[in-house]
Amino acid sequence: MNRGIQQYEVGDVFDDFLLIKSATKGVTSTGKPFMTIMLQDHTGDIEAKLWDSSPEDEKMYQPELIVRVTGDITSYRGKNQLKVKQIRLSNEQDSVSVHDFVETAPIPQEEMIEVITQAIFEMKNPNIQRLTRHLVKKHQKAFLDYPAATKNHHDFVSGLAFHVVSMLRLAKSIAQLYPSLDTDLLYAGVILHDLGKTRELSGPVAPSYTLEGNLLGHITMMVEEIKEAAQELGIEGEEVLILQHMVLSHHSKAEWGSPKPPLVREAEILHYIDNIDAKMNMMDRALSKVEPGEYTERVFPLENRAFYKPLTEKKNSVPTNM
Amino acid sequence: MNRGIQQYEVGDVFDDFLLIKSATKGVTSTGKPFMTIMLQDHTGDIEAKLWDSSPEDEKMYQPELIVRVTGDITSYRGKNQLKVKQIRLSNEQDSVSVHDFVETAPIPQEEMIEVITQAIFEMKNPNIQRLTRHLVKKHQKAFLDYPAATKNHHDFVSGLAFHVVSMLRLAKSIAQLYPSLDTDLLYAGVILHDLGKTRELSGPVAPSYTLEGNLLGHITMMVEEIKEAAQELGIEGEEVLILQHMVLSHHSKAEWGSPKPPLVREAEILHYIDNIDAKMNMMDRALSKVEPGEYTERVFPLENRAFYKPLTEKKNSVPTNM
Amino acid sequence: MNRGIQQYEVGDVFDDFLLIKSATKGVTSTGKPFMTIMLQDHTGDIEAKLWDSSPEDEKMYQPELIVRVTGDITSYRGKNQLKVKQIRLSNEQDSVSVHDFVETAPIPQEEMIEVITQAIFEMKNPNIQRLTRHLVKKHQKAFLDYPAATKNHHDFVSGLAFHVVSMLRLAKSIAQLYPSLDTDLLYAGVILHDLGKTRELSGPVAPSYTLEGNLLGHITMMVEEIKEAAQELGIEGEEVLILQHMVLSHHSKAEWGSPKPPLVREAEILHYIDNIDAKMNMMDRALSKVEPGEYTERVFPLENRAFYKPLTEKKNSVPTNM
Amino acid sequence: MNRGIQQYEVGDVFDDFLLIKSATKGVTSTGKPFMTIMLQDHTGDIEAKLWDSSPEDEKMYQPELIVRVTGDITSYRGKNQLKVKQIRLSNEQDSVSVHDFVETAPIPQEEMIEVITQAIFEMKNPNIQRLTRHLVKKHQKAFLDYPAATKNHHDFVSGLAFHVVSMLRLAKSIAQLYPSLDTDLLYAGVILHDLGKTRELSGPVAPSYTLEGNLLGHITMMVEEIKEAAQELGIEGEEVLILQHMVLSHHSKAEWGSPKPPLVREAEILHYIDNIDAKMNMMDRALSKVEPGEYTERVFPLENRAFYKPLTEKKNSVPTNM
Amino acid sequence: MNRGIQQYEVGDVFDDFLLIKSATKGVTSTGKPFMTIMLQDHTGDIEAKLWDSSPEDEKMYQPELIVRVTGDITSYRGKNQLKVKQIRLSNEQDSVSVHDFVETAPIPQEEMIEVITQAIFEMKNPNIQRLTRHLVKKHQKAFLDYPAATKNHHDFVSGLAFHVVSMLRLAKSIAQLYPSLDTDLLYAGVILHDLGKTRELSGPVAPSYTLEGNLLGHITMMVEEIKEAAQELGIEGEEVLILQHMVLSHHSKAEWGSPKPPLVREAEILHYIDNIDAKMNMMDRALSKVEPGEYTERVFPLENRAFYKPLTEKKNSVPTNM
Amino acid sequence: MNRGIQQYEVGDVFDDFLLIKSATKGVTSTGKPFMTIMLQDHTGDIEAKLWDSSPEDEKMYQPELIVRVTGDITSYRGKNQLKVKQIRLSNEQDSVSVHDFVETAPIPQEEMIEVITQAIFEMKNPNIQRLTRHLVKKHQKAFLDYPAATKNHHDFVSGLAFHVVSMLRLAKSIAQLYPSLDTDLLYAGVILHDLGKTRELSGPVAPSYTLEGNLLGHITMMVEEIKEAAQELGIEGEEVLILQHMVLSHHSKAEWGSPKPPLVREAEILHYIDNIDAKMNMMDRALSKVEPGEYTERVFPLENRAFYKPLTEKKNSVPTNM
């Protein structure tokens, strides 16, 4: 495959396929129509300007379609922009597929589901095990396809499962060092904590919030589903309540979306594991774009900090979680 | 009936029946055993001291039992105290009942359930109507018996239903002035908003928090029950989601326990109706204890304010919501 | 009358009279002069661009004048814009008046002053009654003309009186349900609470803040006026102080502009009545622009929420408070 | 005069006159009556216990009376306490006066009023001068007698005037260094800023809050009085508004009681001058009680800090503002 | 050894050696002297009352001495208390030592220093390695003896080193999962982050804050020492600055005591490792005192939460970090 | 010299020398290159647009160079802009120097160093005196050249020294009124408090933050230097610690960057002196640009307030601190 869009520089000429992420029309200050099209490949995205666009253009170029574009890389307010010279929809002969243009978790789905299945298999408490297995089965396709968020961290295809797999590994390590932790609760909490995202978000590519996502949120929906699953499976022990509590409290504070703070040891630790994995993902991503001795751009969900990459940074390290 | 305990003053001699609210044992600084017993009648409560108590006393005097007490009203740190001279358990000949000693809503249960039933009857949307009726039926006994809270406002037997009835009347008035409000949603929201308290609290008299009350809270539990009820009744429309949202958001802000703010007009107004009724209850109660020209004691849930009773206060007004 | 400006869509041609709200001059990035003119009718406003404007244009087109405009409706950053082709000042033959172009309360002034007068008439306490009547008389013209705010809620001609009238109706309803409330205080509080806006704002159309509005604020000015009125009328009772306190505390918290929190029952309820009416006005207005199943635009003073209009919304309901 | 009460230590025998600050009755845990009497002289106060008090005692020992007390200095929870052995009311032969027992500003009233009069005399703007002089005259007696607060800083007889005098000196120094400051505004702001305390507080000795103090606060009352004074004197310029604004904004932030922040340069500086003088007073007082190398007790209004007195502290320095 | 003080119940008779933690004298409400002595063994502490104490008692019973006590276990305000019948200082024949009465880290010092030395040994960057080794050497004795805090977590002899050892193990695990982390920085950060506590606190047993601890704090002092060490060792690279930054930022936010937030990846993770270990220590300790199905007492530094111990808790798990 | 850039108005033609502050390139919406160049003289700055710029232009016009520019003053979004017609680099014949184009403190460096030296000379404590003198000497050149901040207040050449000199005068005045203040500590605190800025910022003209400025901050660096200086000079008394504490705490609160609040009287007052001088500088600057009766632009670091300039403002007053 060719250079990713991320690698192009101002002055370069671009001529390749890209996926339309969004498309809006506008009118210049002198009254002429144009289109602003966000285009992406697996390495990133770029804003394209199609000047003097026709009503046909506006109908044709829709999100999730693939286009062949030729144009110049220019710069606008410090960001690259693509000034479109030629554009057409892809056709069958082009043999390109949406999957070639989206960022995806670095581990194959089969491997991820295996890690998750193994964690469930290791559970000793049959109630926790059956509940977790049931819910994973119920949402398996979306669980493996969805991102963990619309932006910020793990916002790519299969991001949710990848986040969970990383967290499971972290949970296992921590539980070995602190044997008082109940691994059944901890693993189940990790696996279920964000599963409600499969209902909160609209889909794996370019997700938006669903109505129930907006009005209830993924936490409330998952708490509800755990109860529902327990009823279906005829499970009645206190474990059901504890798992609901772990999902409910995993944002830790009311102002962050958890109406109850963690009141169980494993719930408290789940919150930390979630944080470490999300923050490592954001920091690694930002730091991978700069050289030692430089600062990253400001990372909004990390309190808008710009991180410094020390000169001591190991030159050939390859960050895992991108 | 005799004077209520609230009316006694320092120096009076007390000789009547009272209900034990709680009982704890202690040892004086000089090593002698004694009991601190909270006693109540329908007008209020008083701390009693039983000096030189015996192990038999400690076993005998348990919460929710009725005792005949003789003693002196003294004062300790600005509050009345009852120095017990004689005490014995009540027996059948005394013909006293727990119901004589607890504060209760000023409207009979039949009248309250009638108001609630009428509001349900007036609903035009069948889904909302069936859901609400189903949930009221399911919890009817507790709904009519429970307090609305363990303290602060409507913390008496049937307080929950009384609070709902007052709110329904307020909702009806407001909806007449603002016809854009959907009364089906508003009435259903009022009726269901605190129904989860019947699971969050342990019972109608001297309630504490249940385990699920602590780990999930009444809001989350009720959101869950609405979904469950909808499934049982085979209801699927958007109304289910809107009702869940109204319950979820009725505390208005994340830091007050609602993970989502009101995003529907009726949800926003529900929050205000809840507030007005709760605050009127607290202010009326505090102001009823003082004379015009005086301040009330500080009311903690009202930001610890001491309210002033103006001299213009109508002398013979009888506050409704006590 | 023709279609309101609010009803035009991109691509339409506009040719009608409009009122100039504001006018500023600019220079394009290529150095050419142009004017940005905010134009309005009674349904809303639109930004117009007059390209290649002359110095004469800049002198001629001033706020509060009426112009005849011809042009195309285009779109800029998701908002409609009017590209001016022809523009001229209106003249006598056009027989148009500023009043045709401003939004106005939906109830005539005579009806509003009647409601207010009636509430004053019903007061039993002569001190409260005389004070309130005196202050309403003193500011009557502005009271009936001014908006309740420069933006957000009731920001139209006669908005202040309309807000007060709605609040009076709400106060009456609530007082019937909670008889402990002193209606004299409550009505007087409602009528006077924002009367200081007639000095804080510069006028009924396109108001800005006056110097004393900026340095003292409407609350402080009204507290002062109550005292002054009492002295003029020779009134000395505690009622004067209570009314001052009600105005002073009606924003409820120090950080919202009230140096004292409500310390009198009616002051607390006044705050809630003010809030409900203002919020209903804002929500109704935002929701009237969208269809069931849609979200409103974000409403900044309502914590930037986008409200959802449920599908159950009664189709033919006509919101009152627009 | 004898040793002040502040100088006594545990184990000492006390036998001298003291002023009653407050007196309350109680009952011991074994049912016996006693009185808790706060007694003070010009150096401080002490809690006294009068065991087995009679009803006559309770009637006789009232606040603001002087008593002759004999007893032992003991300690209770880290504070000195006086166990009363003998007590009687003072009589004429004792020739003691309330003034001997209260803390008073270290400068005579004549000197203070002179400094204030001089500052007024130096004003060049006749409106500001007349307004200030009028208000000082109107409240002169209370201005010279009242404390600046009920506790924390300058909470002694003549504390208000003493605080103003110190602030005037500071204002003069600062204005010399920053000539852009308008001394007329600054001096008038200093003199008037807390004058409302003479209505907010009940009197010079053991002050409590008046009703209007509670419902309006000294800031609002003074803003009102400035307007009133201007009307009486027939003054109409912008100066009236600016002076009102200075008083209104001198607490600087809404959450500290100023509904408007300082919007005039002199108002901003007034806030700082007020702060420096109040804080110096509190720090000097706390530090005067400890030796170099020690920490003071925690000072609540200074964010509960315990200040350290460095070893370098000049040994013979005498703090001015006590 | 006998039962620990923690195991005694009300009604038991106590007769054993204990260490005096603190001792204060008091006077009863009837004027009699007594002593309150906090006594401890390795399992916890108890408040003892020595009634009718003599001046000799007060001189004799001083902190850090061992006493033989006989007395009854009573209860006061829900806590056990020891009513002393007989008490004497221990003597040589008793062969008891302070070390028998203090809580100590569960790992021997030799093992802890070995883990720390090994982590230093594994560092690849010679500057980081030399700096860390130098500072550990310089403070080695105190590092191995001091607690990590005066209360809350790891507040026992060798608590600081034990906390660091647990954190090193956690750091190693996490670094294996996230290879982008620079283990040299991370290990050095863990080892140095709280080393300043050896100057901030007064000693290993019953520590208080030193003057420089109060005026500068352990973070600032350690940042200073790193620079000093670098100068002594002639080290000049950026590593010095990065290590200083890691120590400076490890409390993460300004309001928690870090004037700079973490701006380097390893600094961010250091903060999380510190938190997890401290919180596990606090939760384990609180949960170890209750049975499954019970709540712990409220833990103040964990936002005053009471944690619930689920019934699923593995019965024979032995918490590591006590 | 000619009119300053600040005095030009829209429509004027500009033809003079200016200093380049920053220069960036862009592409117009129609794809043409241009440069945005910030130009300044000693009175202020202006944004210039160089349309159709060539690659040579982009290389040539770099920050800190002087150019001769001809062009028209236009307006863009309410700010003046310079549309460049001709531009060239200055050459030797032009005899212009960078110093002619930067704003500078209004007092010569010799006079400032004299004031500082005098304050050191007046110190009585030899340790404080030697430490202060040593640190001033060490950083003298930068101390006299650097600004006190990159923006907001005293952000001009020699701004740091000018700020210190003003503060010293203020400190002297205040210490005369409050003799309990230790002038040695106060003067040393004033002189040293911001000296770390000489390492935090990159230079006197157009300063940015250095790496250690970002990772440690000027406060931490100065605390460190005081220790270092004390070691070099062999000074060991408590004075070293107190001076470190004064620098550390001069931002007063943790959230403003001081990990410890002031715990010494002089540290508290240092914070106020710093504030008054900084705020006077910001207010004087903003007010000097407007006429009596007008508001200033909003001043961001003063909580975004717009200050009002009263009509009473003395007409011929010349603000000192510009």
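To keep things simple, chains are lettered A, B, C, D, E and F as they appear, and every chain counts its residues starting from 1.
One rule holds for everything that comes next: contacts are C-beta pairs under 8 Å (C-beta built on N, C-alpha and C of every residue); 3 or more make two chains touch, one makes a residue touch a chain.
Remember, it's a predicted structure, so these values are computed and weren't measured experimentally.
Any chain touching chain C that also touches chain F appears here: A, D.
The fewest steps needed to get from chain B to chain F, moving only between touching chains, is 2. When chain centres are set by their Cα atoms, the one at the greatest distance from chain C is E. Repeated interface: A-E and one of D-F, C-F or A-C share more than half of their contact pairs by residue number, and that pair is D-F.
Although chain A and chain B share one sequence, what matters here is the overlap of their interface residues, and that overlap exceeds half of the numbers used.
Averaged Cα coordinates give chain A a centre that lies 44 Å from the centre of chain F. Averaged Cα coordinates give chain C a centre that lies 62 Å from the centre of chain E.
Separation between the centroids of chain B and chain C, computed from CA atoms only, is 40 Å.
In chain A, the positions touching at least two other chains are 29, 211, 214-215, 238, 242, 263-264, 308. If you check each pair of chains against the touch rule, the ones that pass are A-B, A-C, A-E, A-F, B-C, B-D, B-E, C-D, C-F, D-E, D-F, E-F. Touching chain C in their complex are the following residues of chain A: 25-27, 29-31, 211, 214-215. Interface residues of chain D facing chain E in the complex, by the touch rule stated above, are 28-29, 49, 51, 72, 74-77, 81, 83, 308.
Of all the residues in chain B, the ones that touch chain C in their complex are 125, 128, 166, 169-170, 173-174, 176-180, 182, 184-185, 237-239, 242, 261-265, 268-269, 272, 275-276, 279-280, 283-284, 287, 302-303, 305-308, 310-314, 317-321. Within the complex, the chain A residues that touch chain B are 211-212, 214-217, 219-220, 223-224, 227-228, 231, 238, 241-242, 244-245, 248, 254-260, 263-264.
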